[in-house]
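By letter and in written order, the chains are A, B, C and D; residue numbering begins at 1 in each of them.
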Amino acid sequence: MIIVLKQGVSQQKIEELSAHLESKGVKVNTWFGTSKTVLGLIGDTSGIDIESIAAQDIVETVKRVQEPYKKANRKFHPDNSVIKINENAVIGDGSIAIIAGPCSVENKEQICAVAQKVKASGATFLRGGAFKPRTSPYTFQGLRAEGIELLIEARKMTGLPIVTEIMSPTHLDQFEEVDIIQVGARNMQNFELLKELGRIKKPILLKRGLANTIEEFLMSAEYIMSGGNEQVILCERGIRTFETYTRNTLDISAVPILKRLSHLPVVVDPSHASGIPWLVEPLSLAAVAAGADGLIIEVHNDPQKALSDGAQSLTPDAFDKIAKSIFSLKKALGS
Amino acid sequence: MIIVLKQGVSQQKIEELSAHLESKGVKVNTWFGTSKTVLGLIGDTSGIDIESIAAQDIVETVKRVQEPYKKANRKFHPDNSVIKINENAVIGDGSIAIIAGPCSVENKEQICAVAQKVKASGATFLRGGAFKPRTSPYTFQGLRAEGIELLIEARKMTGLPIVTEIMSPTHLDQFEEVDIIQVGARNMQNFELLKELGRIKKPILLKRGLANTIEEFLMSAEYIMSGGNEQVILCERGIRTFETYTRNTLDISAVPILKRLSHLPVVVDPSHASGIPWLVEPLSLAAVAAGADGLIIEVHNDPQKALSDGAQSLTPDAFDKIAKSIFSLKKALGS
Amino acid sequence: MIIVLKQGVSQQKIEELSAHLESKGVKVNTWFGTSKTVLGLIGDTSGIDIESIAAQDIVETVKRVQEPYKKANRKFHPDNSVIKINENAVIGDGSIAIIAGPCSVENKEQICAVAQKVKASGATFLRGGAFKPRTSPYTFQGLRAEGIELLIEARKMTGLPIVTEIMSPTHLDQFEEVDIIQVGARNMQNFELLKELGRIKKPILLKRGLANTIEEFLMSAEYIMSGGNEQVILCERGIRTFETYTRNTLDISAVPILKRLSHLPVVVDPSHASGIPWLVEPLSLAAVAAGADGLIIEVHNDPQKALSDGAQSLTPDAFDKIAKSIFSLKKALGS
Amino acid sequence: MIIVLKQGVSQQKIEELSAHLESKGVKVNTWFGTSKTVLGLIGDTSGIDIESIAAQDIVETVKRVQEPYKKANRKFHPDNSVIKINENAVIGDGSIAIIAGPCSVENKEQICAVAQKVKASGATFLRGGAFKPRTSPYTFQGLRAEGIELLIEARKMTGLPIVTEIMSPTHLDQFEEVDIIQVGARNMQNFELLKELGRIKKPILLKRGLANTIEEFLMSAEYIMSGGNEQVILCERGIRTFETYTRNTLDISAVPILKRLSHLPVVVDPSHASGIPWLVEPLSLAAVAAGADGLIIEVHNDPQKALSDGAQSLTPDAFDKIAKSIFSLKKALGS
């Protein structure tokens, strides 16, 4: 951390600030320029609140040099993290993992039919919403606990591990049988939920918030990891911009950036990023080309009757064609 | 809701869609144009998922005409809602309410000293963070339950009702003595929390999310209200944009828009919107001129040593001067 | 400018970079820390390209300490700049100037009628579009040269100085009789146009671009001023965000920030910022309360038949009421 | 265009509005619902100003059904447009075109050296800035006319057609020898410049503005095409968002969307979109996978000494490696 002081600050004030900083466990180097003085902090500055320093009346500006995340940081963990549920279901090992399924679990026939179809097309995980975050209190809120039961049935039938979203720490005991717990974009900074998830031993698929920076995204992963649970999967799912043609704007650059800054696996959700079924294929291919470890794709056996988010779902046949393109591209890139 | 169908849709398909829609309790009027057919839905469309309709393969485009919120809608509740804690502490009655206090409650001396100072300057509510949402797991997370105890002490001393933020439904029993529960921007779409708050009988101060539209903001208020708790205060606190000079961009237009669309009181948080103490005065005056019912202002007895968000806090003396300007402007506008 | 070098950089490389920087006219101070070396540049760094420095392979990060604008900078010009066309038409002297008129000049009757009405309500400048920037090539593009003639007629009739927009340096000779030349938001970084306007002796009303930061806005003013024309008026007119209720989002914070960073007068355009007539009054009052020197308001004698931008225009009667509120607020604030 | 009228509008007012609309050359169908009346406009609505209609006091809301662009619209021109300079330099024919070269032309040695290198790596066009749009008036503004002379020399040496940016219609005669004229992001809505470029017979590479929607982008292409010049190449180069890690956010979805809505070729500029050399490779691959017809990549023989934008330039060796990856991916996708 580099702290530029205002002009004409007294020697005593500089010493006071330095002493205050050193009391927080960092070493302070002072550089006296002709007009301004600069302090350089050496050591672990992650516990120092940059805004409190900036508020000191002798401080002109502060610049962080070190990343504020540690456990998620590739610098301290050069190898890729790999999340492995079983031999067939792995994320981050260099293959491309596909997590597919309907936005909402609706009934046994639906979820089992979709699970069998997506498995046949090469998906290695089944997704399905049981607890649904909906903008309106008047629209379908998901089957909740019953939805998780149905996912478990579909897993029994197909062997696909299941991924589903949690919305509150009070529901945690209902997720015991779930293989990967998803944290949705709207809860990316639900810090109390993140803390709870840091205490369990289950992979967490963390979606980037609609208005959150890459650094904030990694800090939310850090919340989970600092609690002891280092199995985090990062998911880019589009950010909010002025463009209205797509529901959100897929930030494709986030994929290589996250891979460089962190050792955690990165997956992309082209369905929610765009909200448009015919964009799923080109965006999936772009994600794979940019280095993503996996994709989350909405597939519904009858998208036009889907109880939620039908607009962005594909039929199993359309998904099958896309999965073929994805695997074919991955193969070409790998060789 | 107006649904424009694609060209050349068969009569049978139109009838099927109409029947499906009427089964959801709305009346469908059909208008056959020379090339396209338009359906007009009459009745309560709030339970109809606009995206599911848009996903039908015979549908070209859908436009909502009616607002999706009902309890928060001024159309169905023309008079202003007023939140009254006691004779001296009222929001929405035409006066300007000032909620002031430190970002974080730190100790008894601090919170009591600030409470006395802000009361003397005309604040009618005391705010203070006990549970703190922080981007980093390594920075101060608030005194939590102890912080609420200290706020209660400050209330005993000054009589000021207390406003503090909740971060999880699991903490609700610790908020029994709190006068107004705040939902922070990061939890505006924490729907499970909103549902819980809809079941209690206590005013909720709901902050707008950093990337949420005005309509989504009102839908979150609707979540609380549809549960039975109609005492909601809306708080504009800045949205995220490309501008980096300020921490967020205060959306001043949201004030008159919210007042027109809804009957709920609207307050503004110039401290978090800007993150810059010298902007608090001009932004407070702008908010009052635009029709806000109140302001939330961070005041700290020693901003430079504040454990969090010191950068945006004022001293009690600076606050006193600003409060004088605010009341003087309000008086001028009222006459 | 503070340059943080990467770890382990050789002494020779540091000296080479220092020599390169000193060749550009700045003095370089070097601070050797235990692990990293920091260079501090002293002197006028406005000609140094921060991105070229950041591209050096020995550089970790660069931070500008000094603002890159000079002529627009309040530090070097503490007093407010005042733009004075005549005794009655002044911007920046502590009064509130109102520039009013139709989006497009349509015919003599229209522009003269509006001019007389807005003058009677207290406007001191007449605005009207002759050259119109329109998103579509198929919609009305303005009366162009003829529009300027009609504005001159309206000025003869009322004495109000005229403000109108230029779209190309090739049109400059048609603006000789215009009192204040407006540069629209879409041309804020049309640098060749700005350079031409820097060579003339006429006040320029520069609108902020839809996606431009406050610093870029001041740099565009600097383009004009560095050419020799220091009569620049800054206009905040809304930025582009995700919010769709308003056409743009008025960045009210820009008003006090621009007033603090620069000595140039600042006006606000509530009509274009919102695109909604009923928002003009609250946004105008907010702008005055935040410290604006003036307002630009669209007024049309028959908004429903306006050839362009009718949606955001007011009738003269509605404008009269708003002007009264504005002057009354300004009086209250002044006392 | 669908116009929803307010409740209780009189029959006479409806007829007046219909007559007004029909006078503009469209046919109006009226649909009387139980409470509201809807007008459906049939025919060419591109000359009707949607905002003027919305301003009518009897109108509740207006929705455009038809795209406002015609010449750029794939509906009216199903086949891909192909821009062909010579047998070796084609954009839009199913191959991947690479336009490479330095941000700024600096001197003959530099531009010729880079041209030879990028040609050897497979680039088929040479880019180089002669007229440079720079945020600051105090930084290098380009060699201007001399820069174009140097590009012509490099073309003589290598045979590569040249692409360079125009900033003002007053410079047009200096571009006679240029093969493709580029319009920069800051000038995407410099409508007077677009009109001038519509009158010439030379391909135009039009960059998307930093805050412009896909529809506005196509409308700017329409400005050029409606003037008679249908040789337009669209370039996605990143939009402005809240994310600060990258200079801009590459909107990868724009590639397939533009290809679907329009027949014009689409290229991507990963250098300006990200501002980070190590992102050029993954973003280039993502663009190709998403369906782009070409790429514009900054290459400099000595990036660390580049006079502008060095930060985002690659060395020729780095570019060579990336070009190999691009061609290899394109081959894999094609098969």
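One rule holds for everything that comes next: a residue touches a chain if its C-beta (ideal position, glycine included) is under 8 Å from a C-beta of that chain, and two chains touch if they have at least 3 such contacts.
This structure is a prediction, so every number in the text was calculated from the model and none was measured.
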Using C-alpha centres only, name the chain that sits farthest from subunit B. D
Comparing the two chain pairs, does A-C have more C-beta contacts than A-D, or is it the other way round? A-D
Of the pairs B-D, B-C or C-D, which has an interface that repeats that of A-B (more than half of the contact pairs shared)? C-D
Cα centroid separation between subunit C and subunit D, in whole Å? 26
Centre-to-centre distance between subunit C and subunit A (centres being mean Cα positions), rounded to whole Å: 39
Where subunit A and subunit D are represented by their mean Cα positions, the distance between them in whole Å: 32
Two or more other chains touching the same residue: where does that happen in subunit D? 211, 239-242, 244
Which residues of subunit D touch subunit C in the complex? 46-47, 49, 51-52, 54-57, 68, 131, 133-140, 167-171, 186-187, 189-193, 195, 209-211, 216, 219, 222-223, 226-227, 239-240, 275, 303-313
The answer for subunit C against subunit A in the complex is residues 2, 4, 27, 29, 31, 33-36, 38, 40, 42, 60-61, 63, 65, 240-242, 244
State the interface residues of subunit A toward subunit D in the complex, per the touch definition above. 211, 213-215, 239, 241-246, 249-257, 260, 273-274, 278-279, 282-283, 285-291, 328-329, 332-333
